[in-house]
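Which chain is which? They are A, B, C and D, in the order written, and residues in each are numbered from 1.
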Amino acid sequence: MKWGVVRFPGSLDDDDALYALREVLGQDARMLWHKEETLGGVHCIVLPGGFSYGDYLRSGAIARFSPIMRSIAKFADDGGLVLGICNGFQILCEAHLLPGALTRNRSLAFICEQVTIRVENARTPLTRATRAGEVLRIPIKHGEGCYVAPESELRAMEERGQVLFRYVAPDGGLSEAANPNGSMRAIAGVANERFNVFGLMPHPEHAVEGELTGGADGLKLFHSLIEAAR
Amino acid sequence: MSATPASLPGEPAVDQALARAHGLSADEYAAVLARLGRVPTFTELGVFAVMWSEHCSYKSSRKHLRMLPMTGPRVVGGPGENAGALEIGDGWVAVFKIESHNHPSYVEPYQGAATGVGGIIRDIFTMGARPVASMNSLKFGALDHPRTRYLLSGVVGGIGGYGNCVGVPTVAGEVMFDAAYNGNILVNAFCLGLARKGELQSARAHGVGNPVIYVGSATGRDGIHGASLLASAEFDAASAAKRPTVQVGDPFAEKLLIEACLEAMKTGAIVAIQDMGAAGLTSSSSEMAGRGGLGIELDLDRIPLREPGLTPYEILLSESQERMLLVVEKGREAEVAAVFEKWDLHALVVGRITDDGRWRARYRGQVVADIPVKALSSEAPLYDRPAAPPAAPLRAADAPARAPAPREALRALLASPNVGSKRWVFRQYDAIVQSNTLAGPGGDAAVLRIKGSRRGLALTVDSNPRACALDPYLGTVATVCEAARNLACTGARPAGITNCLNYGNPERAEIMWQFRRGVEGLRDAAIAFELPVVSGNVSFYNETAGRAILPTPTIAMVGIFEEIGQRLAIHFRRPGDCIVIIRTAAPSMAASEYAALFGAGDARLAPIDLNRERRLIEGLLKAAERRLLNSAHDVADGGLLVGLLEACFGDHALGAHLDGVDGSPDELFGEGPSTVIISAAADKVDALREIFAPLEVRVIGRVTSQPRLIVGTLFDESINELRLLYDQALPRRLELT
Amino acid sequence: MQVRVYVSPRQGILDPQGRAVENALKSLGFADASNVHIGRYITLEVKGDSRAAVEAEVARMCDQLLANPLIEDYRFEVEGG
Amino acid sequence: MQVRVYVSPRQGILDPQGRAVENALKSLGFADASNVHIGRYITLEVKGDSRAAVEAEVARMCDQLLANPLIEDYRFEVEGG
């Protein structure tokens, strides 16, 4: 399977995503420069974490207009798989490829820590290697991860199964304390209506090496995509 | 060819009074006149003032810093470059340095701390090393001082705001609160970068006729006389008037510079490169020319300006952030410029290297400065300032105010912001970007892997100002020992030191004495551990209204793992393991947090036996290598019980049952010379005794699966309850309004 | 022409910054302050032949970049021209 | 009374936000935009007996909390009362 990881000038986890895909998962992955328009025949695009264009205005607001995003919108339209992680999620929302928006954390502070998220829909290309209700340990690190969308939209998303992950306590239960950024309905990750574009705030690429760093639960998401593309 | 430089119309006449206002003494001004053979122009006066300031010239400290051991088998790169470098094996070189940004952070905490982080990161990548880890050491006033919370949240926000956005993980640090810093906080920022051996960049200009190139943000009026003069004078009401425009950091611009500069270096066309830090364009240009023994000419009309109307004086002295100066091989400008364009940066030719040893600046067809490069780069004044111990000790021992019950003392210590968890601080830092962080904040030292290698690094930053207040020499020795211990507790071999020496006004004999004793302590400890001091920074004038901070030498130390699989963590792992302590001397209350809370501090630090300290380090390393240990932790603030609890606060919710401690306050809460807590299987204890001899290996209890702390008949406490006190120590004080 | 754009959090959208500032004001003794909201204040110059043309252009800037309609409202003023 | 506070970066202070937005506008084809600066737009309600009293109070709020005088300027409007 061929992967493309997009590098914006302020991307930070681009190399980490590439490392996870190539070195840990043995995938064929290449970096895509934001000024390019060709995607090189990849099967899945990863929009990595970071601060794409400095993100001083709103995260992802400027990246959305880069040349490569035009191609990615088309790619998504044709059914291609797109995964936005953290800043990538923010960009996909700004680009209207995913519903909702990501606003400042309730605490107003940047938060870097391990969190636990619960899989809400295991029948999607991003989650098929997991079980519904399974709790995954994956780190977050962001200042603007509070997911918001209009109530009516949220209801529709829930009905269609577009809410993929929620922040929960390690035992899988919902609680105020387990929601690190104040996201509505504790949403940590979503899909579009067609289930080919995904966004999540936690960083699966930082949870691929077990004991060594952040755990290995992120692998399940990448394995899901690999299965899906088969 | 060079016309005699002249001041511009409207600029003030230069005389001794104006020189004085620029911080130059009468003697220094006389030296300027002698070096030039004429009265300086207004621009030249500004240039001399910044280059001869304490901050840029180290005029009070240089003589003493020469005492430090700066060489060693691993040290690469000559002295005089921007940061020290250490060979760490497998063809890798680590470049690291720590620097202060104290005054700017007190004035505007967010931007001050942010630009401190930005500045130290530039110091590292300017050497051709990719920045891979940051640390910081922070000192604030008492938490109940009205300004402390504002300063704390601003500084921490600024460090995170900048570091998180440039993608350099912040992997360790320290935070302390003490009323001595009410009027002068300390913000010391560290960065480490990695380069392939042989790819280090130089800051030594060569090649007459080579173009000088400017890249990065445009020049504004920020921080004129900022780092240089502000950090070279006491901070009092009068300096409010001198207050420079605050420098604002632009981390995105820095990120572009990191990537573009590292990529441009790969062309091989860059002869020399230096960031524009304190004294901006002036220092970077004169230092690069000075190292190469050449001259340099700048065309100020070509400097990109953020707003119109900047004078040559302002352009040369601006401390605008995120700017770099390069010397490029003639004819290869376009190649270099293309790399910068890729990153949406513009490389502008603003001058050239000359052979006449002069530092010359032109503006609108006129020469506004023409100074021998050496006068700026190497001939700044040098002082041997008088030093004398103070009449009375800085901090006398308090009479024991009261002797709390041990249970009460432990709770008070855990809830103290100096002892309790610093998670509130470090969760605001991205500690994992770059995927190398095997242990981030929260342990004795951070542990980083080096991808594609079995090797790794450990990093720690430590200071012990309360000990330095009792004895500036022993306090510094103790700090170096603590740093080495923190590394050894992870299994890494200490390999090199960088340091930031924060003191008061060096024109006062007792401050100069504190400083000299600190440097002597650093020297002696570094020699004892065979550690080179590869870089450092001195911050004087940390005083307000005649009241100085505690002497605060901050020591950052880097350790090497040959085999990263040998690393240790502080947390107990197996119920049934023996809990063992190893000490170099009896613990004492001197300079302890217990003494700070309850009085009862010894007036004197106990002497430190560096041979025993070294045994301890070597023992830890050997035990780690033979995989005899399941955990290791250095006992620091709060003493033995706090250390034990920290070892219990892992993911596994284990406990400790102690039967081998005497239960005296000194034993339970004393700090003082070194103690480490290790856990090991019972059948390993004999091997440990052999390894650590002549130090005593004392089994004091067992790791239990019950999450309780049981000390003889003294306590039986719930670990989870104590952990809550520890975890909430800072949030409870900060988040209640 | 001189343009001033005001972007504010949409009603009903959580505004933690506004709440934090309100709390901070209260703890500083400003008990009379309430309903604090924090948005962005953007100033810029826009060249254009007529005020109407500039207004149309600024509206496009706002829709495309300066505000996110899902969470923010905007209004603007054009001066001069 | 309804209060609107406008906080903007002081002249001469680096405004990375403004610069980033200006570049973005340019690359979106808004070539006519220049001199972009980004500040904060704060709305709040303040109870008070007279407009003068409210104005005095808001000025104090700005000096103490809402603006950072080292790097920002502010102005405000009071309505009603």
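In this section, a residue touches a chain if its C-beta (ideal position, glycine included) is under 8 Å from a C-beta of that chain, and two chains touch if they have at least 3 such contacts.
Only a predicted model underlies this, so the values are computations on that prediction, with no experimental measurement involved.
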*Chains shared as neighbours by subunit B and subunit C?*
A, D
*Chain pair with the higher count of C-beta pairs in contact (B-D, A-D)*: B-D
*Between subunit B and subunit D, what's the gap in Å when you average each chain's C-alpha atoms?*
36
*Using mean CA coordinates as chain centres, what's the subunit C-subunit D distance in Å?*
10
*Please compute the C-alpha centroid of subunit A, do the same for subunit C, then give the distance between them in whole Å.*
29
*Mark out which residues of subunit B touch at least two other chains, giving numbers and ranges.*
250, 252-253, 344
*Provide the list of subunit C residues touching at least two other chains, using ranges where the numbers run on.*
24, 40, 64-66
*Spell out, as numbers or ranges, the residues of subunit A touching 2 or more other chains.*
53-54, 56-57, 61-62, 65
_subunit B contact footprint on subunit D (complex, rising order)_ = 10-16, 19-20, 23, 68, 70-71
_Interfacial residue positions of subunit C with respect to subunit A in the complex_ = 13-14, 16-17, 20, 40, 64-66, 68, 70-71
*asked:* Please output the residues of subunit A touching subunit B within their complex, sorted ascending.
replied: 9-10, 12-13, 15-16, 19-20, 23, 49-51, 53-56, 109-113, 139, 141, 143, 203, 205-206, 212-214
*subunit D partner contacts - residues on subunit A that touch it in the complex*: 53-54, 56-57, 61-62, 65
*Residues of subunit B touching subunit D in the complex*: 107-108, 111, 217, 220-222, 243, 245-250, 252-253, 306-307, 320-321, 344
